[in-house]
Amino acid sequence: MRPHPRLAAAALLPLLTGCTGPQSALDPQGPNAASLAWLIWTFTAVCGLVWLLVLLTVGIALWRRRASSGAADEPLRPESATERRKQGVVIGAVVATVLIIATLTLMSFVATRSLTASSGEPLTVRLRGYQWWWEVTYTADSPDRFVTAANEIRVPVGRPVRLELSSGDVIHSFWVPSLAGKQDMIPGRDNVLTFTAERPGSYRAQCAEFCGMQHARMALVVIAMAAPEFESWLDAQRQPAAEPADEEQEAGRQVATGKACAACHTIRGTRAAGTVGPDLTHVGSRQTIAAGTLPTTRGALGAWIADPQTVKPGNKMPMVPLSADELRAVSAYMAGLK
Amino acid sequence: MTASTAGFATIRQSDGHDPSGGSAARWGIVAAIAASVGWLLLSGTAVAQESASGFSLRLVGTFRTDNPNAHLAAPVMAGGRLLLLTPFPHRLTALRLGPEGLHPEWRFTPETDRMAEGTACCGLGVRSPAVAGGRAFLNTADGRTIALDAASGTKIWEMRTADRGSGESLASSPLPVGDKVLIGNAGDDFGVRGWLKALDATSGATLWTRYSTGPDEDVGIGPDFAPFYKIARGRDLGAATWPPGAWERGGGSVSGPLMADTGLGLVFHGTGRPAPLNPDQRPGENRWTSGLFARDLATGAARWFYQLAPHDQHGVSGTGPLILADRDWKGRARKLLIHVGLNGHVYVLDRISGELLSAEAFAPVNAFRGGAAASGAIAVAQEKATRVGATTRDVCPAWTGATSSEGAALSAETGLLFIAAARLCMDIEIRPANYIRGTPYLGANVRVKGPPEGGAGELVAWRLDDARPAWTVSEPYPLLGGPLWHPRGFVIYGTLDGWLKALDARDGRLVWQQRLASGVVSAPMLVRGADGAEYVTVLAGRGGAAGPAAGLEADLRDATAARGFGNLLRGLSAEAQPGGTLYLFALP
Amino acid sequence: MSAASSPPLDIDIRHEELDGRLAETWRTRPGFWGALATVDHKVIGRRYIATAFVFLILGGILALAMRWQLARPEGRLVSPDLYNQIFTMHGANMMFLFAVPVMEAMAVYLVPLMLGTRNIAFPRLNAFSYWIYLAGGILLWVSFALNMGPDIGWFGYVPLSGPQFSPGKRADIWAQMITFTEIAALAVAVEIVVTVFKQRAPGMTLDRIPLFVWAMLVTSFLVMLAMPAIMVASTSLILDRLVGTHFYNPAEGGDVLLWQHLFWFFGHPEVYIIFLPATGMISSMLPAFVRRPVFGYLPLVLSMVTIGILSFGLWVHHMFTTGLPRLGESFFTASSMAIAVPAGVQIFCWIATIWDGRPVYRTPFLFILAFFFTFVLGGMTGVMVASVPLDTQVHDTYFVVAHFHYVLIGGAVFPLMAAIYFWYPKMVGRMMSERIGRWVAGLTFVGFNLAFFPMHILGLQGMPRRIYTYQTDVPWSGLNLFVSLSTVILAAGFLLFFIDAVRSARRGEPAGENPWGAPSLEWATTSPPPPYNFARIPVVTGRNPLWDERGDMPVASGLRVDRRELLITSVADAIPEARDSSPRDSIWPFWAAIATSAMLIGSIFSPWAVVWGSIPVAITLVGWFWPKGTPEDDA
Amino acid sequence: MRAVAIAGLAALLAAGCQREERDLRLDPPVTAALDQVAPMANAVGGAPPDVLGALGEPYEGNAYNLSEGKRLYSWFNCKGCHADGGGASGPALLDGWWRYGSDPVSLFVTLRDGRQNGMPAYGDKLTTEQIWQLVGYLRTVGVSSASFAAPSRNDEMQSRPAENRAPASAELGTPPSR
């Protein structure tokens, strides 16, 4: 736990870091998040002003000069005239409160209405939460063009995305602050979240409802791409898994389809068709593995496969005993599944 | 006939033993008596039978199989011998029959792969062998097709036609046509891919294989394919109506009867349900599962297809009984294909064009709304649609089907279709299914139950022409075997609780019944013995679609035991024991 | 009351003798068993308060552990499993074992004194309540020590807390701990309502009741209406887990959102169960430090009642992201915002009270000022989270963590600290140190704001709640480190406070009857008060009895001294109606609590424990209510 | 009475420690040792690995391991053949009388290597630890007296009393709709 100079510097500038970041509600990248950010700033301004006014009044009440009357310790007996005057002021303050509250309520109501409205033919993506990863299914007009992936959502810029949220076990909550507010994924219920990304980029999302031991490591990335790029990416995802490029990868495929891996994971185009773990057909093309825990590199894949319970204690992937060669081969194969 | 009709009248007044007409309490007493009589019968010393009409089948012989599994295969005649194929591990016994009873002549015991017990369909039972050209062809539960010399039992060839390791098995009878033998596979529960194969009858070599899912080339869809309904037209629908790769393990097995019309040069077969049961894991119409194919007998090329349940949510497949009939339909002579659907409807199709002429329910159905005949597609009732993680209650019919694949017989001249019906409903909860090769690929929890009004079984006499029942006889347990219609005007069928019954075909009145040693899940057969006399054979031995729930192994405290039958059959085990016995009755 | 053997009445006895006679009648017997058997509301109240503060310390240590873990990304101080237990324990402990009990404990101690009566109503139930509370607390903490601590969050959402996803007994322990604390809280609530309605000093009409008592009255009604919801919820959870019922199983027709509705129907009033007593404390303390009666007695009472009623109408704002119908959500936005109005009325009345008062800057007043600063800020963020669209961004983030700590620490703990400094002399007889007190106020105020304000920003930066760690690729490490360091300041403040409290018990300056020159009745007796509270029952003629009566206070008399008697007065006008006996000490409430605890703990493991366990409970209850032939026990 | 209550409580709590431990990662040598069962010649019965005892029988009374076993039971399709213990194409498990032995070693061998009459081998689909978790779970299915650590019901359709309610002691219901 060596102190890190950059962290210390960041600690001194808390307010400067407040507005940006890959997962910030105040760094909106889509109309929904933008109107929410505007709402946050407005509420903050109004509420902050009220707060300052109240404190100012308390300050004045404390330090204003008073006519000294009577013994210092003797309790005052309020005069009815001043009491009545104060009564008027208090009533005025209450009326002002009511007005402010009513205005804020109305604003929030209008904002709700505008969030639910969207224009254009949306891209429908099914997102299903599991302990502790996300299954992403891109729908299409024909089921054979559906794509099932995991822990990463790619969306075209400028087109509304309709996320159909569900859960396979406990309650999760999908939250990508840069693009939209959060929406829960509840067993036995179907929720929908619609958002649009306005600029290309990758936006971090995270599970926002406590869902068990690895709640902290249940993140995903929303990657917004230009529409044509997105379409070609989606076409690539529709293809079965890439053939091994060399002998090592071929050996890796033998391991992946012959060992316990295949009982949980699908690699389309091979015998591996398990459905209880994430689809690995194009795992090498994703930015992260294990729901945002590690970057997708060959080394990280190796570390993860070798000992998942140390990287992410409690997750449902067991430590499958592999020899060093098998481990090298299978991580090479996985990294090659672009 | 007149005399027996008079006899019927006396039954109704004097006899309290009629289970369909009697009160529940009376029936209970009778069942108790019969159970003890059944026990006596097991020890081979006495036979209980009841007849007040003078009509009576006379028991002339029995043959014990010593096999506890589902005896689905009614024996077939081959050159004066009865060929009896007992369930897995199989043994084929040739029995000579005559007035003095049944006498084994020779036995054939195929090699067996005991591991098939874990994957074989239908309670380890296989439907009857087929005999043609002096050869007997049989399918085994561990995936072999074997040709024998029907006279001597000498093996001619043996082929491994189904891949046991993937959960594939064989369940239906082979269909020898000309120089070919057609066979279909089973294994929807394991996510196998359904196929129909043509083997060379002489060598056993595979001539062609036509799959139920996948690209057109695999399915045998080519220029000759002309389905009546537009919905079935398109390129590679067997793959395009599935998520990527899902058709490779998409079910659609050909585990029902195969029916050939040599005149038209067509073979008709149903396809099984899509796999897994979880419809969420296979969005799309899931062609060509849960439907009916007409294929060219010579090439296997598809001619037409009618899908009974696109995107089948309730697991009712298209493997019900198929009957060919040339009849007058609405004033026009037509070649009909009658399909008694496991989804509880009698379908009447034009077997040349594949046009649906009628589809009406013969069993309790609430999962579908009517109107199939008009649009060509059945509509799922929204309130009975299934959902992941939620239990849809009281869905009728149950996924085990409203009848079984030999569950219907047609009386052509009267236009009555006799259906051994299972009036079943289910509570079904869709769960995620994990695909591991060679292990079940199901994705649902199911409790099967009878309809609320009682009577889980029924023998239905169905008037084909106006699509409604003429009469019905209620049974406490689902009928999993089939009826035998005899031209002399009676219907014979066996029940799961071990009764063999004969009804008057005109009004369904019970004319005779007898307690057997076990429940019946096969159809009684009419055979002509070497002496020229007619006999009725009945094979008792519980199992079948109910699986081990009807046998010894299931523990019925689990409501989902034995595909959900556990829930229904609590209380049955006291009434009839498993174990196979073949009965031979002489007709009066 | 026959003339022949006329019982000794207080009017017949000389003043000097009276104290001795009353003390003999009301005292707690010495020794271990006497301590277990006591039903004196002051003894039980002190125990209750001390126990609650012990739980505060334990919960605070957990908070420090969490801050240590979160100070750096990828922290490795605790495992995820332990962290989940820790944050669950922290929340459950602070809500169920500290905040609610400590407020009720203050009431147990103060309400009878403020009302001028000799003991709380149902004193044996009061003793039972404490033992049950203690047992619940011990159950939770012993389980935690044995690695059986609940790990499902203090809200215990199903299905995570349900039978499938929480193996073992962790969730059951949490659910049953709730049963313990709710039994205790319901018992106290009933006692307070009856005490307030029937045992007020003569002349204390409804509009003369001290505001803290009003607050506790409203709170007690909240407790009685809200707590059953959570008991139903937690009991059905245990049934689901143990017996296999399907209350929360969507596959068999149950509903997971049912839990959230039930929980928050309790959970939101819970906040006001904690906050209302604190506002009552402010209203009761403020006059002493601005040297004038509180402004707006009636609006203050009405706003407390309004808050109490409204608090049942806004539970859904905890569920804005669950996808409920939009119209319903808008309604709950409106009601959640509306509660700001009565809260505002209170603030305005207090400011108006200060306006032309003469501020006396003693430690309790400093805490009251800290309360203004923090609570109003927490209220403002409360308005923000009440907005549905805004809540979708901040719900379940550190913004909410900051918000409710501002409300709960700013709105309840600061007033509580003020109250401890204020009433400590009454309870102990000695003053706490003013010098240390100023340090405590300063450190806690600064430490609190430095620790919790940045959490608002962290929340907006996307940091979710209840995460055991975060990765280096998110820019949260700087603020988290800052927060964690600031926690040390806050902890130092609390440490000083506890040191001072312990030290002052021995070495503090003697306090005298009324060290603050405060107006309410509890200051009309000695510090600490005698077992019988008042030698003669005071008669009240105004809202501020000790200020209104310049000379001696009028008293009522005619109560017997040879047995425990108190005066029953009418509900509205407090006109004396009857003398009633008050139960003597009894060991049976203790045994009953032991038996009940055994039954409740056993019922985690087997439903039959309810059957077998109710036998000892019945025996102890028979002992509790066994008639002794003396009128006071028959009563 | 109090002494008994305290002693009982202490016993419960002591049992709690072992029951609630969540050992998420076994060291590879331990896993390898767990694989060292010594079955009898007919592959029924035999000596369990020594390491089990050294670990404190973690698959007998540990709630977390048992619940993991229950999860694996449905994830790996045991349900498809054995239903919820009632059996289907595979034999019933509820009665606790099993073809190839119901002791841990027999079960372990059954799961790992499969059995001749159709039980597939799971040795290449599950890790050794997972097989032991399943063994522990299966042994809670066929018992007629429940343990406190046994799993409770799943959020699924009701099929029978859950493992913590001793399903094997359940009464057989009456047949519906007769």
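Going by the order they are written in, the chains are A, B, C and D; count residues from 1 in each one.
Going forward, a contact is a pair of C-beta atoms (placed from the backbone, for glycine too) under 8 Å apart; a residue touches a chain by one contact, two chains touch by 3 or more.
Molecules present, by chain and UniProt name: A = cytochrome-c oxidase; B = PQQ-binding-like beta-propeller repeat protein; C = Cytochrome c oxidase subunit 1; D = C-type cytochrome.
All of these numbers come straight from a predicted model, not from anything done at the bench.
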{"item": "Set of chains adjacent to chain A (cytochrome-c oxidase) and to chain C", "value": "B, D"}
{"item": "Chain centre separation (chain A (cytochrome-c oxidase), chain D (C-type cytochrome); CA means) in Å", "value": "38"}
{"item": "Chain C-chain D (C-type cytochrome) separation of Cα centroids, rounded to whole Å", "value": "45"}
{"item": "Whole-Å gap separating chain A (cytochrome-c oxidase) and chain B, where each centre is the average of the chain's CA atoms", "value": "53"}
{"item": "Chain B and chain C: spacing of chain centres that average the CA atoms, whole Å", "value": "70"}
{"item": "Junction residues of chain B - those touching two or more other chains", "value": "389-391, 429, 433-434, 436, 445"}
{"item": "Residue list for chain A (cytochrome-c oxidase), restricted to those that touch at least two other chains", "value": "187-188, 262-264, 276, 313-314"}
{"item": "Chain C residues counted as touching two or more neighbouring chains", "value": "81, 159, 164, 250-252"}
{"item": "Chain contact topology (line, ring, star, complete or other)", "value": "complete"}
{"item": "Chain D (C-type cytochrome) contact footprint on chain B (complex, rising order)", "value": "24, 114-120, 123, 189, 389, 391, 427, 429, 431, 433-434, 436, 438-442, 445, 447, 449-456, 476, 547-548, 553-563, 566-572"}
{"item": "Chain C contact footprint on chain B (complex, rising order)", "value": "389-391, 429, 445"}
{"item": "Touching residues (chain side chain C, partner chain A (cytochrome-c oxidase)) in the complex", "value": "72, 79-81, 84, 151-153, 157, 159-160, 164-165, 250-251, 255-257, 287, 291-293, 295-296, 299, 321-323, 326, 329-330, 333-334, 337-338, 340-341, 344-345, 347-349, 351-352, 354-359, 369, 372-373, 376-377, 380-381, 383-384, 386-397, 454, 457, 460-462, 464-471, 473-475, 477-479, 481-482, 485, 517, 519, 544, 547"}
{"item": "Residues of chain C that touch chain D (C-type cytochrome) when the two form their complex", "value": "81, 142-143, 146-148, 159, 162-164, 167-170, 240-244, 246, 248-252, 594, 598, 601, 605, 616"}
{"item": "Contact set on chain A (cytochrome-c oxidase) toward chain D (C-type cytochrome) in their complex", "value": "187, 258-260, 262-264, 276, 307, 309-310, 313-314, 316, 318-321"}
